[in-house]
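Labels A, B, C and D are assigned to the chains in the order they are written; within every chain, residues are numbered from 1.
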Amino acid sequence: MFEGRPGAFLRFVLLLVAIVALPLAVRPVVASEIWIFSIAAMALNLIFGYTGMLSFGQATFFGLAAYTSGLMMIHWHAPLLVVLAAGTLVGALAAAAVGYVCIQRVGTYFIMLTFGFNQMFFFIAYKWTAVTGGDDGLPGIPRPPLALGPWSISLETSVRYYVFVAVVFLLAFYAMKRIVDSPLGVIFQSIRENPVRAAAVGYDVKWYKWIAFTLAGAFTGFAGVLYSMMFGIVPLESISWIISGDIVFMVLIGGIGNLYGPLLGAAAFKWLSEAISVLWNRWPLILGVALVLVVLFLRGGLVEAFARIRGAFGGGGGRRDADEGVPVRVGAEGEART
Amino acid sequence: MTEEAILRTEGLTCDFGALRAVNGVSLSVTPGTLHSVIGPNGSGKTTLFNLISGELRPTGGRVYLEGRDVTGVASHDLPHLGLARCFQRTNVFPKLTTYDNVWVAAFSRHTPGALGFLKRASDFASVDAEARRILDAVGLAHKVAAPAETLSHGQQRALEVGVTLASSPRLVLLDEPTQGLAPEATQHMTRLVQSLVGRYTILLIEHKMRIVMSISNRISVMAFGELIAEGTADEVRDNRDVQRAYLGTRR
Amino acid sequence: MNVAFFAGAILNGLVTGMLYALMGVGLSLILGLLNIPNFAHGVLYALGAYVMISAGKAFGFLGGALTALAVVGLLGAVIEYFGVRRLYRVHSDYILLLSFGLSLILTESIILVWGPVGITSQPPAFLTGGIDLGVTVYPKYRLAVMFITTALVLGCYLFVTRTRYGAILRAGIEDKDMAAALGINIRRVFTLTFAVGTGLAGLGGALMSPVRGLLPTMGIDILPFAFVVVVLGGLGSLPGAILAGLLVGVVQSLMTAIWAPGADASVFALMTLGIIARPQGLLGRR
Amino acid sequence: MSTITRRHFLTTTIAAGTGLLGVPALGTAQGKEIVMLGIWPFTGAFADVGPLLDRGMRLAIDEWNNKVIGRPIKYITRDDETKASSATRRMEEAIDSEGVKIVIGPWSSGMALACTEVAKRRKVFYYFSGGTEDIAGKRCHRYAFNWAASPYTAMHVVVDNYMRLNPTHKRWYLFVSDFAFGWSVEKYTREAGSHHGIEFVGADRMPLGTREYSGFVSKAAAAKPDVLCLLNAGQDVLVSIREAHNFGLAPKVTLLNSWGVGTEDFLQLDPKTRENFWVGTNAYYGMNTPVAKKMTEMYQAKYNVPPGYAPCAAYGMTRLTLRAIEKANSAEPADIVKALEGWETQDWPGKVWVNPKTHQTVRDYMLLRCKKPDQMKHATDFADIVAVSGQPTMPDSMNECKDIGSL
């Protein structure tokens, strides 16, 4: 799987270490949230980091899938795997529909369209109190056991749920890695870098943007289902633009255009907000300051921070990278497929 | 019926509001030849290219590629019909490595089918080989892992041509490949363009007369959006209209 | 549903519509400049309201409103000078995220300074209570706000389209490099434009505080609608923003009267249809 | 050619790294300490009520000078931000990291429905005071109790007594906050109204935190009602009262806030706007029970303003919990539950009985009418107490709490 690329293998091992170590460092509930939002952040990274489209409405798919799965579990007592599949499908279909409209426009219009759709679905969820519970959210969601053939593993305790979330996260991560390593990965990046030339060499740019948007919707929906089962409630916030903003936050803090950036971003964001919120009620102020600093001084996010730290401490054989001076350090997935 | 011209335009016209940038241009290019289009600045050469390559939608006239009417076809379909173009201002993928720049263009012609997308990009040996062959041809083999934005201007022009060739076209539109190059790099680029003749049909826009006259089989001259003369290098050199167009006296 | 009812709904629509227009004009100026939606615009609106409350105690209603305009405008200039200016050469998404970060900082700062509790503010004495318009009784203050905001928006429109400085401003928005090449001190133009844009938002907040009362999150509630107005009106088009502002205000108010649950969602449906039907917006060019 | 370029950097996994930087240690000393959590709204739509609730709970704990059955009380608070997601997350976090066994709050019914689920799953004692009937109804479970009167009783006390004094006011228009609280009080206002032939000429549902009431008020004016019944909450009540006056609807039409906070709202309205404003509430400081009088003195001494429904509710719940701990001589949730079930005692609202089958507190509800400015004996003499009654109680047939479940 990593033939001949020690860097990639090392990173994957570190990820496994993190998955094991995380619940020791933070509460299992927070640790689960980190991996759940990592999936959503990876999804946004596929659109924003790889394909160059900043969507400010990912919560639409996160929330829709959460509500759908919540309702299925409450009313039909649907089993776990069915619910996960349904949520992913809902995320994908919603993203396909919303995406088809949004990709007709680019730049600011695209951002505002995704934001507009998010608000529309938010207000629908807000007012359709009979189904979504409106402002109070949808409470009373059970956590169905993991039924694998004869065995049925209960996920009631937060530690067991963490293990389950970590495993499905790894599956999602592997799936995203295959997408990014597949020709789609390079095609998406070519569209990010230069849509006109991407068309000139033969790619229907809108079609591929649509694929990226829909794939991301599927992953985001998947994360939404996991979120609904965690607290046993789908809060109205799960479809509000606040969650969309958080996901963008995570991708940016972590560093866009690279598979591990969003994970770092999600971990930093969730851990930071958990640790500080207990200490100080005005914790979003610190997140705001962090975002401003990152945007002004560290646009590559944590990924770049590590590269710089590593560079400062004698970065081994790596030669000075010629593009140090380039203001935008969008760390593209650097492994040349040699 | 085998059309003898690989590319034919009939009365091609393009208006930008009141300005008629291209006016009724009818041009045909014989397969396997190097056909140049020259003319003073603002004569509509690049606009003509943009009309042929689908970047701009013509307001009148038709474009035929290998006998097929491709007028107004989306620019992303043309590479699959055998036409590829390179741009006057370097228009590559800055953050992608040189290898990926060429690889992504080569891959677009490769039809992997749905499942193909699940395979790893490095599993496509044929595309990899094609990309390496082109990188060698344009002299960038040693710059494989470097991001395109870190290349020198000359290297980027070479990459521009490389990316164009990677779509394995039959007709190549080259828009001033030597633009802004130092003399030594210009010679290198001219040799490169000449090496393409025979394997591809080339439609070239070029300002440097010495190059155009030496390597073109056929030359079309444009002025104020119209085709004012066409012929071999000698016929065009002696043509009074061409001289007047270049010396700036109105016809 | 009698005439009085619809008259009330339309009047309400015009009041909120003019507010959206005022916000839209401010947002449009900044949007034309930076080509990004300024997420901090909503919070600056809220800040204006809060500054108005504090300043109003000392300088009265009018003094309070002008202080709000000055303070928020100044803050806008500072944000542009120290923050946004460093990002002009960088991808525009980063400016958007800077504004998002600022909105977090400002919202929390408002809570720190003025407390999380909602404050209600009273209009000036001579404008309290309702006036009988024959068709319906309508609060005097809301009518006053409608006229003031209309005057402001028209004033701003005339400034931008008729004055020399307005021409410089539009040149800067059209093509900053060309404008700079022509010797315009583009830096100063941008700082001032940003200040005017944010100042209008602050003033909007100040004027609307007696109508809607103050809450730290009041800015975030109004931001989505300001976006709709700008997008529907056409990016960078002031007349577009004014027209769209009134349209959105009236549609929202009528929908509230007819089928309240659908009111807000319908505004966004309006935006989406608008963009698909007329991509460059009602009166936009780009 | 796989040269190790700078891009092949070593990623230090932030998650493992940051985790070690001193996150609150897992599980503090269980020991003798009894940890009581007050989960209150310090931000969001109910931000103004949080501090008042905190005062009420602290007042009760201070009365016990921080000790019960010989063990120290550790009182901690969390901010639910008036959001269901924050309420659950913070409550779960407090249970995990502080070993909380007793939870009181939050203020909004919507949050309560989220918190009661956590309490059920984590088996912690949970006391709520609010208008939604579900806590002691559809969503009841063995660990959850509701201190406020049942909305059935409350709405009957309000409607029956209002109609007794204003028999001709048959046309009512409703403003309903669109969440669990609003739906519950609306249902029982209509049920009580049906006994008096009241015609509900219109009803609007608006989200909690609505600031733009002009549309709704002009719609209500068009329906020409006798009573504008405000079944909304928080600042919305004040905004709708002011708009009613601005649009000339009041004082012609009577304003009735059937489930209100009383004092806190009166303080924010000027006397003229307050005139003839009717309020139904669970706790008004004029209540003449010994516990209420003593609490009002203590509160007024500390904050020189009379307590409204919020601090009284927090105080009442904390006080009953502490007394239950003493009765059970144990702070274990299961023991507190058994101590409370079926308990009949005198407390803040006077006679109190905790229904063992539904965990609903059966107690008196009050109807107030604001005085004319010149009738007020002193600055905070806001209203006359028109009625105080705990009757009628909800017939069991109507209660949706079929099975309270096991411990």
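As a working rule, a contact is a pair of C-beta atoms (placed from the backbone, for glycine too) under 8 Å apart; a residue touches a chain by one contact, two chains touch by 3 or more.
None of the values given here were measured: they were computed from a predicted structure.
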Touching chain A and also chain C, the following chains: D
Most widely separated chain from chain A, with each centre as the mean of CA atoms: B
Top chain pair, ranked by number of contacting C-beta pairs: A-D
Chain B-chain C separation of Cα centroids, rounded to whole Å: 49
For chain A paired with chain D, centre-to-centre distance based on mean C-alpha positions, whole Å: 37
Distance between chain centroids, defined by C-alpha means - chain A, chain B (Å): 41
Junction residues of chain A, two or more chains touched: 126-127, 330, 336, 338
Residue list for chain C, restricted to those that touch at least two other chains: 111, 261
Two or more partner chains touched - positions in chain B: 144-145
Chain A residues within the chain B interface of the complex: 178, 181-187, 189-190, 192-194, 196-205, 257, 322-323, 326, 330, 332, 336-338
Partner chain D, residues of chain C touching it in the complex: 1-2, 4-5, 8-9, 12, 15-16, 111, 115-118, 120, 128-130, 132, 136-139, 141-142, 211-213, 215-218, 221, 253, 256-257, 260-261
Chain C-facing residues of chain A, complex: 48, 54, 101, 104-105, 107-109, 111-113, 115-117, 119-120, 123-124, 126-128, 241, 245, 248-249, 252, 282, 284-285, 287-292, 295-296, 299, 327-328, 330
Complex contacts: residues of chain D adjacent to chain A: 1-16, 18-20, 23-24, 26, 42-43, 79, 83-85, 88-90, 92-93, 96-97, 109-111, 113-114, 116-118, 121, 139, 178-180, 183, 205, 207-208
Touch list for chain C against partner chain A, complex: 31, 35-37, 83, 86-87, 89-94, 96-98, 100-105, 107-109, 111-112, 224, 227-228, 230-231, 235, 261-262, 264-265, 268-269, 271-272, 275-276, 279
